[in-house]
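Next come two complexes, and both contain subunit A; in the first it sits with subunit B, in the second with subunit C.
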Partner chain A sequence: MHKKKSEMVFAFSYILPSLVLIMIFSFIPIAMDVMYSFTKYNVIQKPQFVGFDNFIRMVHDPYVWASLRNTIVFTLFTVPVQTALSLFIAAILAGKCQNQFGNVVRSAMFVPVIASAVLVGTLWSMLLAPTGPVNYILDLIGIGAVNWLGGKTTSLLSVSMATIWKNVGYFLVIFYAGIMDIPRQLYEAAEVDGATKLQKFSYVTVPCLSRITYLVMTLGTIWSFQVFDMVYTMTGGGPGLSTQTLVLTIYNAAFKAYNMGYASTVALLMFVFVIAFQILQKRLFGKEND
Partner chain B sequence: MKKKLLATVLIISMVSCLFAAGQAESSGAKASVRKTDLLLWLPPFGSADSLDQVFWTDTLQPWAEKNNVNLAIEITPWGGYEEKYLTGFASGEGPDVGYMYLEMFNDFIEMGTLAEIDSYFTEKEKQNYVYWDKGKVKGRQYVLPFIVGNPRVPFMNMDILAKAGITEIPVTWDELVAATVRIKNNVPAVIPFAQEWADPAIGALNNVYYPYLWQSGGTIYNSDSTAVALLDNGAAVEAAQFLYDLKFKHGVISNECMAMAGTQIRDAFIEGRVAIASMDANSANALEKAGMKNWTFIPSFQNKTKAIWVASDSLIMNSASEHKELAASLMKYITSAPVMTRYHKEIASFPPITYDEEYNANPIFKDMFDNDSKYFHTLPVAEGAFMVMDTLYKNLQLMMLGDLTPEKAIQNTVKYSKSVISK
Partner chain C sequence: MQRKSSPFLPVILLMALAIIALGAIFPFVYMALISLTQKTMLNFKFDISEFSLINYSRVFKNFNLLVNFRNSAVVTVSACILNCLVSSMAAYAFAKKKFPYRDTLFFAYLATLMIPGQVTLIPVFVIMKSMGLMNTYPALILPIINAFGVFLIRQFMANVPNDLLEAARIDGCGENRIFFTMVIPLIKAVLVSLTIFTFITAWNDFLWPLVIASKPNMKTLTLAIAALKGNYGTNYGLVMAGSTLTFLPPFLLYMFLQKQFIEGIALNGIKG
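Showing the complex of A and B:
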C-alpha cells in the first residue's frame, strides 16, 4: 500500500510541470473567461456582476449570429481547399521536383506563412481592387471586373482565398515531409500490380498520410476559427455583416466597446463551437488515427 | 591543483568585476535620481514613424533638460490604438501625457483614466487656445484639443466638369444631382460622384454619410448623448435616401464605388477617373504632389444647412500620473506656438490651435477655417459610439448594395443601438 502511494507521488511528480503549465495557460484562462462572461468589465475598473445579461444580449445580437455563420462557412470552405491544395502540390513536388527547383518552390510558398497577416491582407486588397491585377486579367479574358471586397457573396470568398494562399505553404511542408516518409516499397509493389499514378496517389499516398491529414485539418479548423487580421485589414467585417467573424466580434467588444465581459461571453460561445467541431472531426476522421 | 587555483582566481576576478560594475551603475543612477521620469505617447503623423520620433525627441529635448525630466517618447502606431491605451492604463504603464481621438473620450473618462486639466492652466493660457471649449467633455475639461482640422470636403475635377459643360460649381443637393447626371451623360468614362463604400474602417462615414446627415439637420446622438437620435427627425432617412437615389435613381454613384476604399478614391481622382469626391483636406497635398492642377473644392454641399466633418483629437493627462504639474507643463510646451509652427510645417499640415500661431496649413483652406468654422461638426462623445457607428456603416453598406431601404437601414441602426447603450 505504502509502495503504491509512493509510486503515485513519483508518477505525479513527472506530470506536475506539464500540469502546472496547462493549468496556468489553459484551465485558468478558461475559468476566468467563464467568470467574466457574467460581468460588465472594462479591465480598468472592478468587474460588476450582471448575471445572465451578456448571454441574453448575445442571443439577440445580430453580430454574433452573423459572425458565427460566417466563421463556419469560412472554415468549411477554407479547410478542405487548403488541405487538398497543399497535399496536391506536396505530391507533385515529392514526385517530380526533388531537386533545386522543388526546394525553391517550397521556400517561395513558405514566404506567405512567415509574412504578417496584415501584410497579406493589404497585398490581397490591392490585388482584388476594382482596377487591380486580378480584375485586369478577368477583363482581358472577357469575364469582366468583379466586386471582390465590396460584394456580399464575394467578400468572404476573397478573404478565404487570401487565407488559403497564406496557409498552403505551411501545410505543404508538413505533407511533403509525410510523403517522404512513406516507404518506397509500397509504391514499388503498387507498380508491380500495374497501378496508375492516380491509383498510387489514391491507394498509397492518401491512406499513408491520414494521420497528417487529420493534423492538418485540425490545425486548419482552429486557425480558421481564429481568423481576424485578414478580415480586419481587407473588409472590416463588411459589407454589412458578410465577413464579420467571431474573433472580430470579440475584438470589437473588448477593445472598441471596452466590454470585456461581453467579449468573454462571445469567446465562450466560440470555445463551445471549436470543441464541438473538434469532436465532430474526431468522429468523422479521427478513429482510424487513434 | 593548478587548474583549481586558476579557476578560483578567475571566479574571484569575475565576481569582483561584476560587483564593481554594479557599484558604478548604482552611483550613476544616484547621479540621475533627481530626474523625473515622464512618458509621452503620440501618434504617427509624419511620413514614417521615425520622422515623428526624431521630430519630437529633438523638439522636446530643451523642455526636458530645463525641467530635469527623463522624457520617454513613444510613437504609437494607429493599428490597435485603443487597445494600447486600454492595456497601458490597465497595467499601470500608460503614458503621463497621450493623444486620443474623440471616439475614445467617453469610455476612458468613464473608466477614470483621464485627469481634469482645467486647474493646471491659467485663464490667460486658456484664452490663447482657439478650441479650449471643445475639450470640455461631460461638463469638465478632460482634454486639450491638439489637432482640429483635416475636414472632409468635396473635391472637384474642373476638367471633367468643363467637359460636361458645367460652368457653375454645384453647391446645393439639387445642383449636385443635376451636375453629376450631366457628367454621367456627357463624360461616360468617369465616375460622376465617388464614395468609398468598401473601406474597411468606419471612418469612411466621415466622408460618405455624416456631412449629409448634418446638412439635413440631423444628429447621431441626442443633445445629452444618452440615446441615438437618428429617428428623432427625418434627417437621417433623408440623407440616406439622397445617397440611395444618387446610386439607384440617378446612377451617378457607380457600382465600382461599392468596391473602393478611401485611398482608391483619391488615386482615381488623381488619375482623372472621378469628377466629384469627398476627401480629407490633406488629400490636397497628394493632388499637388501628383501635379494635378485643375481641381477645386467647396467647404460643404448644402441642404437645409452646410456641414463639415472635422477631426478633433486631443492631448490627455493620465489621472494616475504622479507628476501632473510636469505633465501639464509638457502639454503647454507641445502646444506652444513655436513648437506647433514647426510641427505644422514639418510633420502635419494642420491649422493653428492657438491664437498666437500663424496659419501654417495649406493656404487654399485658410478661407474655410476663417469663415466656415461655424459649420464644423465633430463626432459625439457618447456611450457605445463605436458599435453604433459600426452598425450604421454596415446597414448603409447594405442599403447601397440594394438590400435595405433607407428607412430600414436607419431603423436597424437605432434598434441595435438600444442593446449597446445602458438604460
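Showing the complex of A and C:
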C-alpha cells in the first residue's frame, strides 16, 4: 500500500513541471480566449463586458471575410500542389534513384525546410521583386516581367509558391519513407501481371500511401490555416486585402489596434475552424485509416 | 513479353530531378552571393573583384546583430534543454508509472496538440505581461515547450525494459537515480530528435517573439531580419547578409546531422 502511494507521488512530481506549463500555455488560455471574446480590452484598463458586440462586428468586418476567403484559396492551392509534387518526386526517387544521386536530391530539397518562414519570405520577396531574378529569367525567355507581390491577383499565389517551395522537401521525406515501407512483393506481383510503371504507381504506390497522404494533407491544411510569417514579410497583407489572412487579422487587431477582446473573437473563430476541420477529417477518413 | 521503356525517359527524369534539387538550393546560393555585393539591380552578373564583406561588418556595427544572435542562441539552447528534461520526466511517468486518471490526463495532453499557437497568443501575452515577464528570456523560452515532446518520448519508452528498472529497484537504486542514470541513456536517440525539432522551432520562431520582445536588446534574429527587410528592403546586400548569418547555424548543424535532422523534424511526428 505504501509503495503504491509513493509511486503516485513520484509520478505526480515528474509530471508537474510539464503540467504547469501546459495549463498556463494551453488550457487556461483557451478559457481566457472565450472570456475575452465577450469584452472590450486594451490590456491597460480592465476588460469591459460588451456581450456579443465583437461577434456582430466580426460578421460585418471586411478584413475577416477577406481573411477567410484568402485562407481558403491559399489552402486549396497550396495543399494539393505540394502534396502531389512531393508524392511524385518521392515516387521517382524511390523507383529510380535509390543511390547517391537520390540521397543528394533529398538532402538538397530538405534545406528550405530548416529555414525560417521569415527567411524564406525575405528571400522570395527579393527573388520576386519587380527587377528580381525571376522576372529577369521570364524576360529572357520572352514571357515578360510580372508584378508578383504588387499585383492583387498574383500576390496570394506568390506567397503560396514560396510556401510550396519551403514545404515540398518535408513532405517528400515522409512520402519516401512511406514508399520504402511498401512490401516489394506487391510490385513484383504487379510486374508478373504485366503492369506498366504508371499502373504500378496508381494501383500499388498510391493506395498503399493512403494513410500517409491523409496525414500530409491534414498537416498541410493546418499549416495553411496558420500562415503568418510568410505573409508578414512578403506582402504585409496587401496589396489591398489580397493577402490578408486570419492570423494577420488577429495580430493587427491585438497588437496594432490594441483591441484584445475583438482579436480574441477572431482567434476563437480560427480555433473553431481548425478543430472542426480536424474532427470532420477524422469522421470522414479516420476509420479506414486507423 | 518484356516491356522496354524509352531510354530517354530516365535521362529526362534525372535531369528534371537535378533541376528541382538545384531550384531548392539556388535561392540560398543567390542569397549568399548578393550578401557580398552592393547591387541595386538583381541579376545574375557577379563580378568577383567587387565582392566584399562590408555588408557583414555593417549588420554587426550599425545594426548590432550580435545582440540578436545572442538572444536567439540563449532562447534556443535553453528551450532545447528544458524541453528534453521536462518532457522526458513526464513521458517516463506516463509510460512507466501507475496513477489515477493517467490515460485521461494523457488524452488531454494530446488534445492540446490540436490547438494552434496563434489561438492562445493573446491570453498567453496577457499572462506574461501581468507577471511582469515582457522582454525577458523566460517569456521567450517557456511557451516553446508543449505536449509534443511528451507524446514523442512516451512512444519511445517501450524501448526501456521494465525488468531492468525492476532489477535496479531491487538493488536499492533510488527512483531519481534510475531515471537519470538508466532511462535517460536508453532514450538518447529520441532526445536527439526532440532537440533538433526544438532547435528549429525556437530558432525560427517569429510571431511569439514579435509580440513579447519589444525592446531592441531582447529581439531575436528572425525579428531583426524582418526589421532589416522592412526598413532597408532595397538594400539587398545588407538584408541578405543578415539572412545568411541567420541561416548559418541551422544549416551547419544540418550538414553534420542530416539523418537526425530528417528524422527529428519530418519522420517522428508522423509515426504516431
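Assorted remarks:
Keep this in mind: the second predicted complex is superposed on the first by the 245 of 290 C-alpha atoms of A that agree within 3 Å, B and C clash if a C-alpha of one lies under 4 Å from a C-alpha of the other, contacts with A are read in each partner's own complex, and residues count from 1 in each chain.
Convention: a residue touches a chain if its C-beta (ideal position, glycine included) is under 8 Å from a C-beta of that chain, and two chains touch if they have at least 3 such contacts.
Here the structure is a predicted model, which is why all the values come from computation and not from measurement.
When the two structures are aligned on the shared chain, A:233 is found in touch with subunit B and with subunit C.
By the touch criterion defined above, A:182 reaches neither subunit B nor subunit C.
Using the contact criterion defined above for the overlaid structures, shared-chain residue A:150 touches subunit B, although it does not reach subunit C.
By the touch criterion stated above, A:222 is placed in contact with subunit C alone, subunit B being left untouched.
Shared-chain residue A:125: touches subunit B and subunit C both.
Contacts of A:263 after superposition on the shared chain: subunit C is touched, whereas subunit B is not.
Counting the residues of subunit A that each partner touches, subunit B and subunit C differ, and the larger count belongs to C.
Looking at the shared chain after the overlay, A:61 reaches subunit B, while subunit C stays out of its contact range. In the superposition on chain A, A:173 makes contact with subunit C only, not with subunit B.
Once the two complexes are overlaid on the shared chain, A:76 sits clear of subunit B and of subunit C alike.
Subunit A residues in contact with subunit B (one complex) as well as with subunit C (other complex) are 43, 118, 125, 129, 131, 232-233, 255. If you check the complex, the residues on subunit C that touch subunit A are 1, 3, 5, 10, 13-14, 17-18, 20-25, 27-28, 30-31, 34, 41-44, 86-87, 89-90, 92-94, 97-100, 102, 105, 108-109, 112, 114-127, 129, 142-143, 145-147, 150, 175, 179, 200, 203-207, 210-211, 222, 225-226, 229, 233, 236, 239-240, 243, 246-247, 250-251, 254, 258, 261-262, 265-267, 269-270. Of all the residues in subunit A, the ones that touch subunit C in their complex are 4, 7-8, 10-12, 14-15, 17-19, 21-22, 24-30, 32-33, 36, 43, 89, 92-93, 96-97, 101, 104-119, 122-127, 129, 131-133, 136, 165, 168-170, 173-174, 177, 194, 196-197, 212, 215, 219, 222, 225-226, 228-229, 232-233, 246-247, 250-251, 254-255, 260, 263-264, 267-268, 270-271, 274-275, 278.
Across the interface of their complex, subunit B is touched by residues 42-45, 57, 60-63, 118, 125, 129-131, 145, 147-152, 232-241, 244, 252, 255-258 of subunit A.
On the side of subunit B, the complex with subunit A involves touching residues 79-80, 82-83, 86-87, 89-90, 107, 110-113, 197-202, 255-256, 258-261, 264, 268, 384, 386-387, 390-391, 393-395, 397-398, 401, 403, 416, 419-420.
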